[in-house]
Amino acid sequence: MTGIYLISAFVIAGLIFANRNSLINNILIVIFGILQTAFTIYSCYHYKSTVLEYFTFDSLGLLLLMTLSVITIPALLHSYLYIKRHDETPSSRAIYFAALIFLIASITAAYLANHIAVIWIFTEMTTLSASMLIYHHRNKLALEGTWKYVFICAISITFVFIGILFLSLSLQHAGSNDLSFCKPDAL
Amino acid sequence: MTNVLLIIFIISLLYVSIANRIITYVRVLALQGVILFGVTFLQLKDIQTWNLVLILLETVVFKAVAVPMFLGYLIKRNKITRETEPYLPHFISLIIITMIVVITILLANSIQDTHLDKIFFIVSLSTLFTGLYFIASRKKIITHVMGYLMIENGVFVLSLAVGNEMPNLVNLGIMLDVFASVLILGIFLNKIGDVFKAVDVDQLSNLKDY
Amino acid sequence: MFLYESNVLVGFLLKAFAALFFSGIVTIPFLSARIKPIASVSIVFIIALLTSVLAIIGLKEGGIEYPVSGGSFFGEIPLRIDGLSAWFILIINFTSITGALYGAGYLKSTRENLSLITFHWILYIIFHASMLIVTMVQNGMAFIVAWEIMSLSSFMLVLFDYTNPKVLKAGINYLVQMHISVVLLTMAFIWVYFKTGSFDFKKIELFFGTNVNTWLFLIFFAGFGLKAGFLGFHTWLPLAHPAAPSHISGVMSGVIVKLGIYGIFRIITFLKADYLVIGESIITLSLLTGLYGIMNAAIHRDFKKMLAYCTIENIGIIGIGTGLGLIGIAKGQSMLIFLGFGGALLHVLNHSLFKSLLFFSAGSVYRQTHTRDMDKLGGLIKSMPETAGLFLIGSIAIGGIPPLNGFISEFLIYCGILKGISAAGIAQITLMIITFAAMSIIGGISILTFTKTFGTVFLGSPRQKLTSEPAEVSFLMLFPQYLIVLLMIVIAFFPGYFVNILGMILTVKIFPNTGISAPDLSGYLAVLRNISLASFIFVLLISLVFIIRWVVMRGSASKLSATWGCGYTAPDSRMQYTGKSFSKSFGKTFNFVLIEKKRYEEIEREDTFPETRKYQSFYLDLFEHKIINPVILIVTRFINAFQFVQNGKIQAYVIYGIVFILTIFIGTILNFWH
Amino acid sequence: MLSIILILFSSIFFAGFILRTKSIASGRKGPGIMQPVKDVIRLFKKGTIYSETTSIIFRIGPVIYFSSVLMACMVIPFGPYKGIVSFDGDFVFFAYILALGKFFSIISAMDTGSSFEGMGASREALFSMFAEPAFFILIGSFALLTGNTSFFDIFSTLHLGSSITYTLGGLAAFVLVMIAMIENSRMPVDDPKTHLELTMIHEVMVLDNSGFDLGLILTAGYLKFAMYGAIIADFFIGGLSVSFALPLFLFIQLLFAVTVGLIESFMARFRMNHNPQFILALSSVSFLIFLGVLLVLEKFL
């Protein structure tokens, strides 16, 4: 299910990006909303199980995921209304929703990941998609905001990477080589 | 030999601290790419061949050639003036960077870890702080980007220190390099140069709390 | 320590000292104006002679102990003269004698103001005696009293020119800072008293043996450091030194400041632990002190202020030596201990010599020209050749340049650093190499400073017309300076003797406490012999080149002409490079330490024809203006909030009393205090 | 004793080689190798003109400057032979005796009361002050490496064996070449051959000197070059026997002279206010040599 969720979320994002029809767009958004909800419910039933080797439904992840899903629905709705009221062009609308869905899916994956490197990769992806969202208006202020966001995030991600390196060093010191949070058998 | 290369790497930091022209920064970044290529070649003996080839390609093609060329293109395209315009005089920059190196030496010594090659640690940490200092002390946005690239080089050096045991971390580092550089430079190329005519960071201060 | 409990000679000398001191103070006011200086100088001289004999006995026998009854208040005051005291006593005596001689000449023109002169000479004697007592007594309470007398008498000596408001301000600043020092020292002694039940210095050792060393040492260091002028504690020096008459500045800079060093040394001999951390912190602080002092010295144009900052620099060098010695104790390296402490103590002597020499010759310049601004002077070497020569010798010596004495002590410290490099952990190695570089840069800046001062004051042509034509000063003022130069040359060319004495002092004083056996000095004595040999060779070389020059140039023509002005036909003496311009680029390079302020009027749009304008540029002390003054400002503002309490109404004051009494009363009734 | 003879010998040709390199690089034939020496001899024979402003300082300045350089040369060893003066910590003496010469050359420039010479004097003091720590850190690092503290002991026990020590030797040679250039106020810092307004350090300090005194100052300059050349050579010939060391010494001196000539031909002078940071960069490079020494000594764990 996790794999299906991720793949379909990214596929939906891709479809929205490619599509220019407003009806199909809305349908896809609704599908994603349902998918997100369904996945949340699914994960609640698989508490403490590990899937695809790198994802674990642990309690912290679940809590955050539920919060995310609760926010997702009004966020999608609000985005829909906002885009509609501002008479956006189809292409900008497509980019907006694609980025939004991409962002939500990346956040979901980052919450559930149990390996620090995987989290790090998904965090980078959130940076990418969020910067697209910030640049939505394409004016001078938006550009400034995007630049600042991207630059600071890039530096912060670099620091996270340094942290991972240090962690791996100290793990070597302790005689281990594994960067995941919890062993599957510990659950 | 690795140590020699790394010492040259630190010299490049000192050189960059007193450089007057932006093009010198670009050249130093290219030089650092080449040095990293050499270090990778000498250091990563134990990993798989294709992985090593990937890393080597990344250092030599991406760090030593592509990014510097791209930067040079940016400077030309956006008509960035050639002076570096630091907030602080070069003299102080030099003192500060020397201090950074000295402090990292002392810091490195205080760490009791036999797994860590100290010279890698010193070089990467001083590069990291130098990059941060660059970002903090230079006026132009493009020099910020260069400071960031320098930080990445430093991180890459650190990842090489553990590269033999965990090659996937080096790969991650490369991913970070490509991702962030492309993102940042892409934004720069497409937008900032067009929208803001004179690219000083002072212009990017409209978003704040009033 | 060899005890000399009730030696007849020692007792006699001490009693003679006391008798002479009191009789001198009493008789001086009744002497005629002509005899006053002679009498005072001879009293200072005889006191110096008596105490020097004591010091030499102390050195020879390894220490004198002579308990004096201090009545019920002090209890028994032990007078101890060990090697360390003896070294400082000898330094104090030499500088005080030369200072008194120079002062007798310096004050000749102010003879009409009789009461002022009387006061001055009485204070000078008190000052000299109190300094000697400070180095002798080893009872905390008596020490503080002597210290206080010394501070007060030097304060009043600074105020010689009391009508000048600037002098008054500097004097008050000095007084306040010295009392902060006294408070800190009192705190430290009381702490020891509470822990051990005695004011005797020996009990400090007991304290250090049973408690954590760092904190008490820190208080002592702050107290003595204020006197010595370490960085952060230095702000009184550049104010007080220019304000005082030159012979007083010479003695103050040469000796009083060194008593701070004496105190720190004294406490170090009692230390029992934490040598490494204390040593490293002292080195770091001293490094900054040295750099800061000399950087400021390089830019100031008031030559006495310049000398004051230069004193701060030399304190830094002494501190570096002290820190090295402490690291040596921590690492158990006897050679490093010797080189560090020995270098520091020798530099104490050297600095007292060349700094008083410089202050004296600078004083001569001031006496003849009545200005301390070097940019108003120039070409004085023609009218005051001897003073110029003396100043030149002092400048070379203070830069630590061979073949003069400054090199010897700096060389010992350099050797100490080199010793320390090869045997410690990486943090110490790095600290050493930084110290090494900093010492060299200090040397470089001091060359810049003194070429600037000598060049602008004595060389070139006069920059301004002076009110009176300067002439060479009297022999009475020159004689003590020649005396100092003589001793300097002796130290420079025969350092082995002094190093031997230092070795003796350290062997008795430092090594027994630490359990480290004394080093074999023969290696370094050979090195020092080599240095003096090299100096001789150098002197010979110079004379040889001179002879060759004389022989070659005998036949050829030589003529006088105007300075080559690069084609400019109307040269003016005001076009010469000034002190300000000489150090301008230096000041600009280090503008993050040296704050330059400019005062001028901008040319307005209406000013069609520019009139004569004034442009002024001066430097501020970073610590005073960026750290101390803002803090004082904040404190003042906070305290000003309570101004309403002091409102000048008598009723309010009565009410305060009533409120206070009521509080006590009610509090007692309600049992607040139990 | 051998070392001072060698230094004197190479100083005769040094300036000639520099000039020849420069003229070849600019496509000219150039004067003979001995021309600078002939110039000096001609100056020795000439009469002198003194400024009316000057005092005794101006007359003794050049003599002391020259003697100090000669004295400093005496400290330098040659391979297996000690210098005339050699003791523990003699390099401190070396640096400070040079400082004495500088002191007198500066004040004798101040003695003329000329604005130009004051400017030169001020800059000479400033720049040589910045160059001091580079030299001290450099020699201090090698003292740490070899555990000895005199020039002779340092050089005779210095073994360049691994790649890192060669790097250190190369860096040290670079720093010393640059220090020599600064001490002589040559190319990257100052251009001795330009017009007066542009030549602002050493040459402008000696504007008023003439005849024998000027000859002494020029000779001292050549000696200084040969002296630094000898130090650089000593880094590489320390352990060798005389038959190898002697040609290598002369070769390194020649190489140094040619390098100086090439630098002067192909580099532009820095802006005056960029000089401090350049000179301080030398200290930072010396610091890296220190770091390298720490690596060689395996002080890092």
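Note that the chains are named A, B, C and D in the order they appear, and that numbering of residues resets to 1 at the start of each chain.
By our rule, a contact is a pair of C-beta atoms (placed from the backbone, for glycine too) under 8 Å apart; a residue touches a chain by one contact, two chains touch by 3 or more.
The shown structure was predicted, so the numbers you read here are calculated from the model rather than taken from an experiment.
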The pair out of B-D and B-C sharing more C-beta contacts is B-D
Could you give the separation in Å between the centres of subunit C and subunit D, each centre being the mean of its C-alpha atoms? 36
Roughly how far is subunit A from subunit D, going centre to centre by Cα mean, in whole Å? 65
Euclidean distance of C-alpha centroids - subunit B vs subunit C, Å: 49
Quick check on subunit D: which residues sit in contact with 2+ other chains? 276, 283, 287, 294, 299-300
At least two partner chains per residue is the criterion; list those residues in subunit B. 91, 102, 105, 109
At least two partner chains per residue is the criterion; list those residues in subunit A. none
Every chain pair meeting the contact rule: A-B, B-C, B-D, C-D
Subunit B - residues contacting subunit C, complex: 91-92, 102, 105-106, 109-110
Within the complex, subunit D is touched by subunit C residues 378-379, 381-382, 385, 392, 395-396, 399-402, 407, 410-411, 414-415, 417-418, 421-422, 425-426, 429, 432-433, 436-441, 443-445, 447-448, 450-452, 454-456, 459-461, 523-524, 526-527, 530-531, 533-534, 537-538, 541-542, 545-546, 549, 552-553, 556-566, 571, 573, 575-578, 581-586, 588-589
Give the list of subunit D residues in touch with subunit C in this complex. 44-57, 60, 63-64, 66-68, 70-71, 74, 84-89, 92-93, 95-97, 99-100, 102-103, 106-107, 110-119, 121-123, 125-126, 128-133, 135-137, 140-141, 143-144, 147, 149, 196, 207-208, 211-212, 216, 272-273, 276, 283, 287, 290, 294, 299-300
Could you list, by residue number, the parts of subunit A that touch subunit B in their complex? 117, 120-121, 124, 127-128, 131, 140-141, 143-148, 150-151, 154-155, 157-158, 161-162, 164-165, 168-170, 172-173, 177
Within the complex, subunit D is touched by subunit B residues 1, 3-4, 7, 10-11, 14-15, 18, 20, 89-91, 94-95, 97-98, 101-102, 105, 108-109, 112, 114, 118-119, 122
